[in-house]
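Notes follow once the structure below has been shown.
Order of writing sets the chain letters: A, B and C. Residues in each chain are counted from 1.
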Amino acid sequence: MNGADRLARLEARVRELEDVEKIRERLSTYAFNADVGRVEEYLDGWTDDSVYDITEDTKLSGRAQLETLLTAPDGLHKKEIENRSQHIHVNLVIKVRGDRAWAEGYSLVPVVRDGAITILTTAYNHWEFARSGDEWLMTLRQRRTVGGPTWGGEVLKSYLT
Amino acid sequence: MNGADRLARLEARVRELEDVEKIRERLSTYAFNADVGRVEEYLDGWTDDSVYDITEDTKLSGRAQLETLLTAPDGLHKKEIENRSQHIHVNLVIKVRGDRAWAEGYSLVPVVRDGAITILTTAYNHWEFARSGDEWLMTLRQRRTVGGPTWGGEVLKSYLT
Amino acid sequence: MNGADRLARLEARVRELEDVEKIRERLSTYAFNADVGRVEEYLDGWTDDSVYDITEDTKLSGRAQLETLLTAPDGLHKKEIENRSQHIHVNLVIKVRGDRAWAEGYSLVPVVRDGAITILTTAYNHWEFARSGDEWLMTLRQRRTVGGPTWGGEVLKSYLT
């Protein structure tokens, strides 16, 4: 390659590294917003046609349903999670494919109850993202509980490709 | 942009990616030093005028107070933490601003007690750093317990900017 | 430096950042394969002459012994871990040295038992890797239990260099 081609190639590689960092940040700030109860900011992290496939029986779609998840007065989020939780995302594999991206990894949610810390849930996750200007929005989260009816390998499988 | 400008711009972007990695490492080695009891190395990770704002009631400043935190024979660190703990830092958002940087994210400390593993604390954190030669030193850690009197959004807020 | 030297230097720095990401991914996919029970994929993540130094008393070497670790019907893995676990790796420090690399950090394994989530183990780790084409394979994992007979500083020490 000549110098101009090498420079252009390098710019593309650096952009991809930056994109991976931005997606890692999106997963962090998505958690911050859920944990401290910033509902608008939480919703703004998803695209309008997003899907949150939480369990075998519960699949949310679009802004209104996601808002209810966080704001329902009798829901699990308001009763046991908000302001006493950490939505932790670890062991992330993140792959950028142009203006789309996916990530796979683990989630766990320690919560404080009566002064003691309990891990409320652990799950396997597959996320998808779309580029939107300078940032990345979530379009899909598929989540399955560890030890639940679905084999984790049904969720964690894009990393094999 | 011409080739020289593009090359200079790319050098700046790569340096920033390297800085983010270095700050991620600082948060890891800071934890290693605390957990295995390397006091000098722990202290060398902070600037001389650093502040560790641990709780609503406890704010440490400077090397001598930080040293006491780790070495007091009757303190929590010596009695329940050192050599039986992991100071885990996750969901990090790290932003470099020239020779300064900040990070926000979660901390949790599992400890081994009588053969069982208990999560001793979970907290929301805001950290600040200063460049010092080739590395980054911590200048501030503000930490608030999950489920405590301070709303997590008071700590986790720079990420909104 | 002239432009050609700067470009070559930058290519080397970007390659190193990419290598760090690949090693982070290796530690994630190694965990995925163990947790969901993909034995062949798990074994393919190690070199043929690899060593897994699990405890003071147990050191596995090579593909056959690693395979037994995951597949023995009466072993801990089949009985308490596979399909109910997360092999979490956090606080990673990763250093690339040409075609070799090492990492240090923490592991913890929450498992689901009778519907409750318990942290089964926490450990300090030192890993080594070898470049193999476009990817990185694990050649060594030294793991010591938190709170066990070995001081964590015997495992976590390359980060000091």
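Assume contacts are C-beta pairs under 8 Å (C-beta built on N, C-alpha and C of every residue); 3 or more make two chains touch, one makes a residue touch a chain.
Predicted model only: the values in this text are computed from it and were never measured.
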Interface residue overlap between copies chain B and chain C, same or different (over half shared): different
Turn needed to bring chain A onto chain B - CA fit, degrees, nearest 5: 120
Chain B and chain C: spacing of chain centres that average the CA atoms, whole Å: 24
Of all residues in chain B, the ones touching two or more other chains: 3, 7, 10, 14, 17, 90, 119
Residues of chain A touching chain B in the complex: 3-4, 7, 10-11, 14, 17-18, 21, 25, 27-29, 31-32, 35-38, 41, 83-90, 110-112, 117, 119
Touching residues (chain side chain A, partner chain C) in the complex: 3, 6-7, 10, 13-14, 17, 20, 90-93, 104-106, 108, 118-122, 124, 145-147, 151-153, 156, 159-160
